[in-house]
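Each chain carries a letter (A, B, C, D, E and F) given by its place in the written order, and its residues are counted from 1.
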């Protein structure tokens, strides 16, 4: 447990700036024995704001999972709030794979009876809604709020998006009576600590949450079950551009 | 309505034999004004038996959706029982997009109070289970059965898989007391009619069901809503192998 | 499939004007091989706006189902948004029986992630709510709106009710962010196409939807399952006014 | 509260023998101030074993509700396990109306964490299943068992059906581990006390349960809400055989 | 049934004034053969406004259950709206044990299609929410309202809290369109009758409801199931202050 | 984060042997900067096998939470599979409080699509069932198994209970097709690692899981929300034996 371990944090979009933001957030909370490798796909979409973007990004996630596995990482984080490709990634991986929406939602239920989500574009709300249903947290989420700015506004250097997130959190606390807030985008990762202090309630960033979850699973000797549903993909020919995804 | 219309039936795997099976099943039920175009991706996986396969197949589905759109098809069918890439495809498409699991499950609830599903490998059961939850049919499905043969056994010419499906349906009727059975694989499409007759209960193939659903929506002047969640993907640079997916 | 087929559209109330409205809506979408027979009970209630009205109307539905069956119709539509007598009708019928609430709700889930309902009197909202639960669509319906006018206001020739429906749809689109709207009364059937065009989102009429669903089931060789729950009624003496409902 | 009050127990089928059985069961538990009026429709079905039977019986229930109301009864019991016409009856009635399935299920949840149901024909199971969902008790019911004998076998004097019910209860206790059993037919009413003693767990008859529930509501000054959904039926012409159902 | 019976009404907090209020409300509805014993714990919390208070109060409830049992009472009421210690009390008791939240919620579902709750402090809302989920009534409750005054304000003699409850009920009726209202605190028990009259809809007090429910169960010969989950506590040493809770 | 921190692991029963077992399991997974304080109440029940036992144990948990808080611990674990007193403890605590059922269930959903639970006595199954519902994991749990031995059999030194647990896990894997197993008792904590190895699937002990969850929350700067539902108990007089629970 005190041995050195690598955790791969995959930003599923191709924005290098966001990959750095996410990597920094991950490193800020990583344990003393953990080294963070923050990566993003070489091909794909620069931001993820819908189901189409997610489908494209899932392939990039899988490529990185395979690369991480070959590097011998102990576990993987999918650092986009829609957790794109999560179950596919679990099939491909040997170690644990944690999505940031998943990690943040789980933790929120352990520090408050109900939580709110603050996300970017309104059209990403449906993705969070589906995840709440899939993970079992429909009754734990009081409301979802969208700041109505695109994901990359978080990287434009003006601070406008950050201010909108702050306002969204304040409004969510007041309106919903929620005890905690989940930040609905990997690009908001660095805001969690200061907003937690300012608002006086837990404001949860999934990147940090997911890193700690992977560390925890590794420390416990637990990994993705390879019995049944999440077993390695059935061996078959992957043709064309997908050939490189094949496990040896 | 009596005008000629094209419906694109997309087999998400790369098996040409299965694409033919599916195309034939679609043509067998298509209305007089409908022309079926049965296609499959040029790259991808030869069969879909897990989440990884689905993630890969989703890209092939999107490529075909775009191609179909450029051909002026009226609507699209995703002919794999996991409905891979369904919501992403709806974003990309102008016309309606129907998955075969979706179509078969919906129809089953209208001819029986509860139905059973007969599928291929046990590991695909979880995918059907998630779809039941997402579509709202958890309480309408009495049980899921797997014949424990891979998808492509349905195309090996021995008839063994077909016999196993038949036995699975008989067993499902007896054990579950279900009034209808849903066939859980596009490759089973041609079995529905004869099993319906033999068993004396509706045995539902999603390929046919989805074709009729697309025809119905088109006749009603209804198409995928472009307001909000399923609007066309936000315009952004798609890099590398994904560049060809971009809408003009 | 290209053979001539009769589809019986049953208006469960006794309003001849509404029966005509519904019949016209059905004919407007029927396929080339379909002949629509629009009927209503000779006895019952002139409009259906509560559970009592539904109980009375259900008997009229059953009488018509029996009559339709004797005429050799291929399938039946129950054209009142509460789907009164649906399961009883399925027991009595040989062919498929589809309710218009059912048909509209199912189709709405295939063109949008969430839909809203616009209905007549507030007290009919609970009926729609119960149907959403029974059909599995509680999570797919964003909100229910009532225009607070009785059903027959739709037939009074002033156009007031139609204008209120239009306003209700516009408000539902704006407030709920729903991608589609379901019209909550058979009497609204003729409004769907123009509202779809005006609002730019699918506005769904159940009468048309149900006709296409019956045509689809018939084309697929599927009918109400007679195995188990929906088998013909157990043979027994029906006394008094109900004697005429008995199957030979 | 000590004043004399009439409670009307409506057997929705036309079997006089069963009406007597039910009346006797009601009288056996009625409070000192309660007089039981046990009635059945003059027309309808001799037993209720499906949705069709229920639709017919609902009219008989409504006729009796109206008659009871004119007699000045304090409340009504619908003594068939499917609770046919319950919400319609509540609209028509001034006093409380309680179904026996409802009453038995509610009470079962207060004496055990989970209960089982023992009913007659297998095809009535789906009706109980739908009621569990509507009343909110899906998670409180461990299993449903059918003795596979028709309802009227309970009145044939041989005792065979009663013995089958007894065996069903014993089996349910052993197999399901349920702490209580709900008898799924009004005709089983007289068995509850002896089975409760023999099995050593609460075996609940809905007829008695519903009578006590009506007495309780009356004593508390509570009655069917006439605000909103369950208000008296909207006044309108009831034509033909239904004219007699109209409230003055 | 006409024999004299004792019903123990346990106020789980230590307020003597509230114990009297509750006892009076219980006596006002008790049947002619029922004698009410209203008690409260000798130690504990003076009011219950959160989970901590409930945990403390549960011990007081258990002590009183044991005392009541030794006195030969026929059944027990837990007269705090969170139903603290309910399942533990059922293990300890021989007779039925009914919580006032439980009783009020059950009855509300039988007189209206949906109900609202009016409670005291906002932080007690989550407790009611959890009970709705546990009892199966999530879909039957339209909304929860808090008057934002502490429980004991109901006993301060100013009438302010009572007026706030009245306003809350009026607002709930108007805003939620609910057909019935459940009073969310034992201290509101005496308000139910007058508010029922003033508002013209059932306003339900759980104390009265629970007393009638216990009387009903006793009259039916039904009691807490001792088979399985609610059997008497496994015999073991109870140390320290808890020794007195042990059954002989 | 690398600073020394205390985590208090509370065994809610009074068994010193089990407190040691649990403490050892906690220490085996604790991070380098964590010191585990394993405690149990001085008064209460020697084992927890029902709702009554839980109610008693909850007081002991609260006493220890208060003591731990005064010692300056960073967070608390409630090491009994029913998570007794969890929400009350969260009100009293400043730091995070995690139950072992909660922690194990959450982690199980992240390494497998469905899990099974193996617990001690059959009557504890209902407690786990209620937690699954409360936490949102009803659909993630495939089945619950009881070895039918009391909790303290795990401490009797014969190894019989351990062997039964092992058999239960093997059976659960085979029968349920679950990808992971959750051990349903704090006393099983030390078995997780070896069973994980033997069975080849994650077998999850909640004690270890909860320790890592507390460490994670602390590292992330997250703690129990003091806004709203889980705020410190409202200040009031605690009388008698409960006086010592009062916060200064």
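Everything below uses one rule, namely that a contact is a pair of C-beta atoms (placed from the backbone, for glycine too) under 8 Å apart; a residue touches a chain by one contact, two chains touch by 3 or more.
Just so we're on the same page, UniProt names per chain: A, B, C, D, E, F = Hydantoin racemase.
Just so we're clear, the structure is a prediction, and the values are computed from it rather than from any experiment.
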Q: Would you pick out the chains that touch subunit C (Hydantoin racemase) and also touch subunit F (Hydantoin racemase)?
A: A, B, D, E
Q: Measure off the straight-line distance from the CA centroid of subunit B (Hydantoin racemase) to the CA centroid of subunit D (Hydantoin racemase), and report it in whole Å.
A: 44
Q. Subunit A (Hydantoin racemase) to subunit D (Hydantoin racemase): how many Å between their CA centres?
A. 53
Q.
Quick check: what residues of subunit D (Hydantoin racemase) touch more than one other chain, meaning two or more?
A. 87, 113-114, 122, 126, 133, 138-139, 177, 228-230
Q. Can the chain contact pattern be summarised as a line, a ring, a star, a complete graph, or none of these (other)?
A. other
Q | Interchain contacts (touch definition) - all pairs | A | A-B, A-C, A-E, A-F, B-C, B-D, B-F, C-D, C-E, D-E, D-F, E-F
Q | subunit A (Hydantoin racemase)-facing residues of subunit F (Hydantoin racemase), complex | A | 1-2, 29, 31-33, 87, 96, 98, 102, 106-107, 109-114, 135-140, 173, 177-180, 192-193, 196, 200-202, 204-205, 208-209, 212-213, 215-217, 219-230
Q) What residues of subunit C (Hydantoin racemase) sit close enough to touch subunit A (Hydantoin racemase) in their complex? A) 113-114, 139, 177
**Q.** Contacting residues of subunit F (Hydantoin racemase) [partner subunit E (Hydantoin racemase), same complex]
**A.** 14, 42-47, 49-56, 58-59, 62, 85, 87-88, 90-92, 121-123, 125-126, 130, 133-134, 150, 228-231, 233-234, 236-242, 245
**Q.** Of all residues in subunit E (Hydantoin racemase), those that touch subunit A (Hydantoin racemase) in their complex
**A.** 122, 126, 133, 138
